[in-house]
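Consider the two complexes below, in which subunit A is the common component and subunit B and subunit C are the respective partners.
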Partner chain A sequence: MAKQLGFHINSSVCANCKACQVACQDKNNLPAAIRWRRVVLYGGGGWVEKDGRWMPNGVFSYSVSFACMHCENPLCVQACPTGALMKRADGVVLINQDQCVGCRYCEWACPYGAPQFNEAKGVMTKCNFCEDLLAQGQNPACVDACPMRAIEYGDIAELRAKYGTLAEVEPLPSASITLPHAVVTPHRNAQASGTGTGKIMNLPEEL
Partner chain B sequence: MNVREWALITFTILAQMSVGSFIVLGIVHYFVGKKAGEKQADELSDRALLAIGPVLALGMVASLLHLGNPLNAYKAVTNLGTSWLSREIFFGVLFAVTGAVFAVMQWKKIATFQIRNLVAILAAIIGIALVYSMAQVYMMPTRPSWNLVTTPISFYATTLLLGVLAMGAAFVANFWYVQSKNPGCASEQCVLLRDSLRWIAIASIVLLGFQFVVLPLSIAFMAASGAAVSAAMFVGEYGALFALRLVLVFLGAGVLGIFVYREAQSAGHERQMSWLAYGAFACVLVGEVVGRFLFYATTTHFGLQ
Partner chain C sequence: MKRKNWAPGGGKKELRGKDEWVRISWDEALTLVANEIIRIQAKYGNKSIFVSGGSEIGRALTLFGGYVPSYGTTSGGSIHATKTTILGYTGYVNAMMSDRMDHRKTTLFVHWGLNSISSSGGNPTYNHLQNKKNGAKIIAIDPYYTDAAQVLADEWIPIRPNTDHAMVLGMAYTLITADDPKPNPLIDWDFLNRCTLGFDKDHMPTGADPKENFKDYVLGTYDGTPKTPEWASAICGIDAARIRSLALEIAKTKNVGLGMSSATARQQNSDSWTQMFYTFGAMSGHIGKPGSFTADGYYHQNFSGLRCLVDIVQPGSSGLPSVGANPVEEKAADVWTALPQVPGTRLCESWMWKAIADGKYQAVKGQWRDLNIQMIYHGGGAKLQTVDGMSDGIAAHRKVEFVVSQSQILTTNSKYADIVLPVTTPWERDGGMVIAGNREFGLIWGQQVTKPLFEAKDDLWIAAEIGKRLGVDATKIAPLSNAQLVYNQIVGSKVLKDDGKTTEPLVTISDNDVKSLAEAGVVVKPQAGRVALAKFQELGFYQVPRKPGDNFEVVALKAFREDPVKNPLPNKSGKLDIHSKTLADIIESRGWSTIKPIPAYNPAQEGYEATFKDFKAKVKGEYPLQLYTIHYYRRSHSVFDNILTLRRAFPHEFFMNPIDAQARGIQHGDIVLIRSRHGKTIRPVSLTERILPGVVTLPHGAWVEMDEASGIDKAGADNIINGTVPTGQGTSGWNTCNVQVEKYTGSIELKPDYQWPQRIPIKEA
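Then we have the complex of A and B:
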């Protein structure tokens, strides 16, 4: 068993098709409002007038697929008053809904929006790394669904050896807050977290 | 704003008011006891003490409305090692229990004065820890408008301001209750009430000044600490409410406070003084509720949501 599971996200080839997001919702039977994996579209730039003509100026966009980062410093686990959230030996952060009190404090604490509230059940839900599929030796649903093969999972040490340690591109928050277990291969136009000139382009109901 | 957020406003305001009331009551009881004896001090404050319990209980019941799954509420004290929310609930329950033990001892005059005093001081310290942990709950890196030193300071300001004025109102109510039961017996009580109300008025004016230092600082800190969006809301979409909050607290703790002091200087104005004390408490209570509403309404999330 891996010491710490994590994801590699290849943002440089992501086409924003959202197959990972849909596969996740389908496999985990999530209500429409709950999206454990999401694809954020980040972009910016504009137009400038030059010699009477309008020219594109620094127009860019790229996509980043993200879910729970199963962090080294999971603020959700620390915040949870009942201990319903825990970090398993393989590094996966899981929630025990029987313990959850539905206070949504983990939702406040997480900078990745990973714990999400199920209004009908009154408890929190979150990405479980498709632990049932892992136990059967299969891949998480998002990994297998990606037509670009842009999501990989495995031991984070191996992923980092292969792809480097970058985990903060806009619009992801600074990695220093929770030490996320993800590696991002950045798009050629990617901007570093906290220094972005663009904004999130998704429609509110998409994200 | 929905029911869940109103539950938090109700809980934090009532719990802080209970802690403040308990501390103020203890201080008043100590000084009145020194001046006029224990019996007179008890007569002035024992009924006010019993009023604190239901206020705290109401706040704690309101906090349950915040939960999606209240049946698990009893499990919420099991992560004391890392969760400030656990600690808040722990200190809340501990304050309620110690406060209740003291109230029963004081009401039935169980044990000696010294032992009761020790229990009261213990409960007050737990109350201070409760307000501290309430503030720590909000101090997380993903909430830049809350993760400021002004959060605990303003929680303590609210605690004391509401405590002072709630007890002013409670002493007045107690005075008229005693008057109605046994008119004429209360002349000593009348003097003590006026003495207490004068000090309460002074304390409320001082605390108002403190509050009016903390408030602009908190917004300046927001603007400088990655919560500029929150800071802007205080003059933008919530400008009118923020102004209302400032006016109400100024009116209650400041203007009415001055009049309470004036009417409390000489005998014969007890009725006017009483209405002023009620009015001051009402204004500040509403002002602080609006302030707490703004605390929640103006927060922004750092990172993806």
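Then we have the complex of A and C:
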């Protein structure tokens, strides 16, 4: 079986700092509105009052960093009417902007919101796994930026051998949709996709 | 550049902060600045010139007869005077924290107000993660379930801001009343008796009233109020049972790390809190033992390895000679000399804008003197943005005849100035030494990556050029080139040898280095050191490899515990002062408020108690919520707030519990109006269970954007909400404020911050 690149996301130590998100924008020279990698904050719980004092009752939160999952079943590639999107031999899903007509079908198809529209250029853009850095033997920008060393990349088979096969926690969509090439180490308070009692805590404008 | 409607004497002063900008030449700018300095000094004297920051322009003005400086508690809060007095170490010198390798022995960490990931840059949180992997339990005491707590905390104990002191008094009461030498020893009497003064009536400092001891205060022997966990609970909001059990857990665990962040001291009336914290560390037995520490100031340096006690890498001096004392500044009286900040002619930062606006300042207690500041010179920094009481600050800026600011970007200092002088960043200069990081990673050689952009100039060059135009000896201002200053630091740097005792020079300077540097006008002597100069230049930094059991491990205050007579603390008594008349005298003499010599609880002016109209009957007042100001990933203080990707990532939202929101008809994402006694601001609100009901937080450092018609700040600047309320040692109490919040229904349309125009004063054609 050919090598397939993927990410390991250690949500158990993610501190919500978004260094990965901003380093990605910085390295790839993206405008503020386009974020190939994002960090979502999920949490919940409640409070109970006792003698005029408030006690937390299962308050929790955790953060998940996510980008294009370079899926086994990339719905974006299937949705693209011009063939601009393709899956490379190493499993990386790339977009050829010369062939892209900006119809945004891929954006609608992807449950992760990975392909994003560049209004100024009229074309779609997405995570390219920092292919230029990989070619020079370097790490993707998000991996090196993390102060908690929470992002790792490599052959997905090796990552799964090391970290298991979990690829879905709230608020990520079910892994069955696109078979993402990612492994998540869940936070101690993580909830399974589709069964969460919490909510996305970010403001809508943040995501 | 100069303000369009500025003219010598001030022009239309009311337009400061909203005027247009005109680009002018360096020669014109320097001449205009120098002429105004000369005019103002001739008319009003040197005491009319206020310098808010930046050491370089101070060199020129000192030679020109002096200027009025300021003093403030900044990041360290009330730790400064308190720690200097009771322990002998200044605020930022964290001699209390053991080396990070020693933390691996610690099994319980208890943190008051630690959010290391967003307020201590670098890898302190990663370091803590290693302790956690090692099996340590971490308890976070904080009004907010912080990002660090999300990663690290085994338990989160929510607490009302400004009440840590009450909580720890309840813990002290628990230990004092439950301690029994035989079956249940909880108190480290050996340490208290040998190494501290004032804990009980038998160990008082000479001359002190025995009734004024700490133990009897806790028990309520003389004031009739025992500081029980129930008493504490009513103030801090933590269940009394947990206060009690936590005290016992700490006392019964052998290796404990007790930490307080300086956020807990950036509070009004907190001068006794640091003393309370160390008193509890002493009585519970966690000072000066392997695996145990009691330490304040969780700075980036400290938690990845104590920086200041014995640095493994020790930077050299730049060799820039002093130009002498500022002639305007009065000589400090004895009582101040041990302190990092000295009043006198200095303006207390948490009062200075009011002092300038009102024309009066308090030098020491009761000595109110006239003040006629007519010029504000921002030589660097961001004081108008980052000091409490910004509304008073704006008024002060619109009152004086002249405002100059040096900055790289249009900081708030510069936005409200008449003339802005663009300065270089470290990356545009000949390089510089960044003396940061932890003790084993002492030096980063920041090297020039670009020639100065546009027309930016170095601060020292500007000071010298202004000096020339003032007619002072400019060669004294900048006697050495920037390159020489940098190489002096490099050549003088030392590194500890493997024995952990002796040092050697960090870099080797060869004869060839001497020759090639001489061609660049830099004078150095050959020397043998650890790494070749070229190698150090290539790496850009030097770090000492560490391993457990090496000779660099330090257990803080171990020698003091073992023999306090031979190894006294560097304060007056040589011991930890649980009773300190000196501290009470210092606070008294500053004239803002008073404290007791022992750590007695002192409610904050705008703390929890002040949210009530009637505290006993529990009737809330006009400002019923407690606001404090967390550090925020979008910025480092106010720096980087102009960057759109960061604005996109972090919307500068206001955080509130859904319970408080529901009572006010507020939904997640609504725009809310936040009002305090001092100002108004609007922000999108994030409703989160991560914050204690009754407490709200507005992240620190957003760049003010006043809507002049309504007097509402649109940007959510913390210092519009925080007022001019100096207490104790002149502490800036950023984490102490009462507010009311409502859904905003006014006419201002608030777009997401990343859609705002950046502060770019003049666009290149």
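Definition applied: the second predicted complex is superposed on the first by the 199 of 207 C-alpha atoms of A that agree within 3 Å, B and C clash if a C-alpha of one lies under 4 Å from a C-alpha of the other, contacts with A are read in each partner's own complex, and residues count from 1 in each chain.
Methods note: a contact is a pair of C-beta atoms (placed from the backbone, for glycine too) under 8 Å apart; a residue touches a chain by one contact, two chains touch by 3 or more.
For clarity, every value in this text was computed on a predicted model and none was experimentally measured.
Trainee: Overlaying on subunit A: subunit B and subunit C, fit or clash?
Mentor: By the criteria stated at the top, subunit C and subunit B fit after superposition, with no clash.
Trainee: Which holds for A:E205: it touches subunit B only (first), subunit C only (second), both, or neither?
Mentor: second
Trainee: Touch check for A:G83: first (subunit B), second (subunit C), both, or neither?
Mentor: Touch partner of A:G83: subunit B, not subunit C.
Trainee: Using centres of C-alpha atoms, tell me the angle at subunit A that subunit B and subunit C span after the overlay, to the nearest 10°.
Mentor: 130
Trainee: Let me test your reading of the model: by the given contact rule, A:P180 touches which partner, first (subunit B), second (subunit C), both or neither?
Mentor: Neither partner.
Trainee: Going by the contact rule set out at the top, does A:P115 touch subunit B (first), subunit C (second), both, or neither?
Mentor: Touch status of A:P115: no partner.
Trainee: Examine A:S63 and indicate which partner it touches, taking first as subunit B and second as subunit C; both and neither are also allowed.
Mentor: In the superposition, A:S63 contacts subunit C only.
Trainee: Which of the two partners, first being subunit B and second being subunit C, lies in contact with A:A32: first, second, both, or neither?
Mentor: Once the two structures are laid over each other on A, A:A32 reaches subunit C alone.
Trainee: Using only C-alpha atoms, work out how near subunit B sits to subunit C after the chain A superposition, in angstrom.
Mentor: 15 Å.
Trainee: Which residues form the common part of the subunit A surface touched by subunit B and by subunit C?
Mentor: none
Trainee: Considering only the defined contacts, which subunit C positions touch subunit A in the complex?
Mentor: Listed in rising order, the residues are 117-118, 122-123, 125-126, 129, 145, 147-148, 150-151, 156, 158, 233, 237-239, 618, 633, 644-651, 653, 657, 659, 668-669, 684, 686, 688-690, 692-694, 752, 754.
Trainee: Mind pulling up the subunit B residues that touch subunit A in the complex?
Mentor: 4, 66-70, 72-73, 75-79, 82-86, 89, 137, 140-143, 301-305
Trainee: If you look only at subunit A, which of its residues touch subunit C in the complex?
Mentor: 12-18, 21-22, 25-26, 30-33, 35, 43-47, 50, 52-56, 59, 61-63, 147-149, 187, 201-206
Trainee: Residues of subunit A touching subunit B in their complex?
Mentor: 40, 66, 75, 77-84, 99-105, 108-113, 117, 119, 121-124, 171-173, 177
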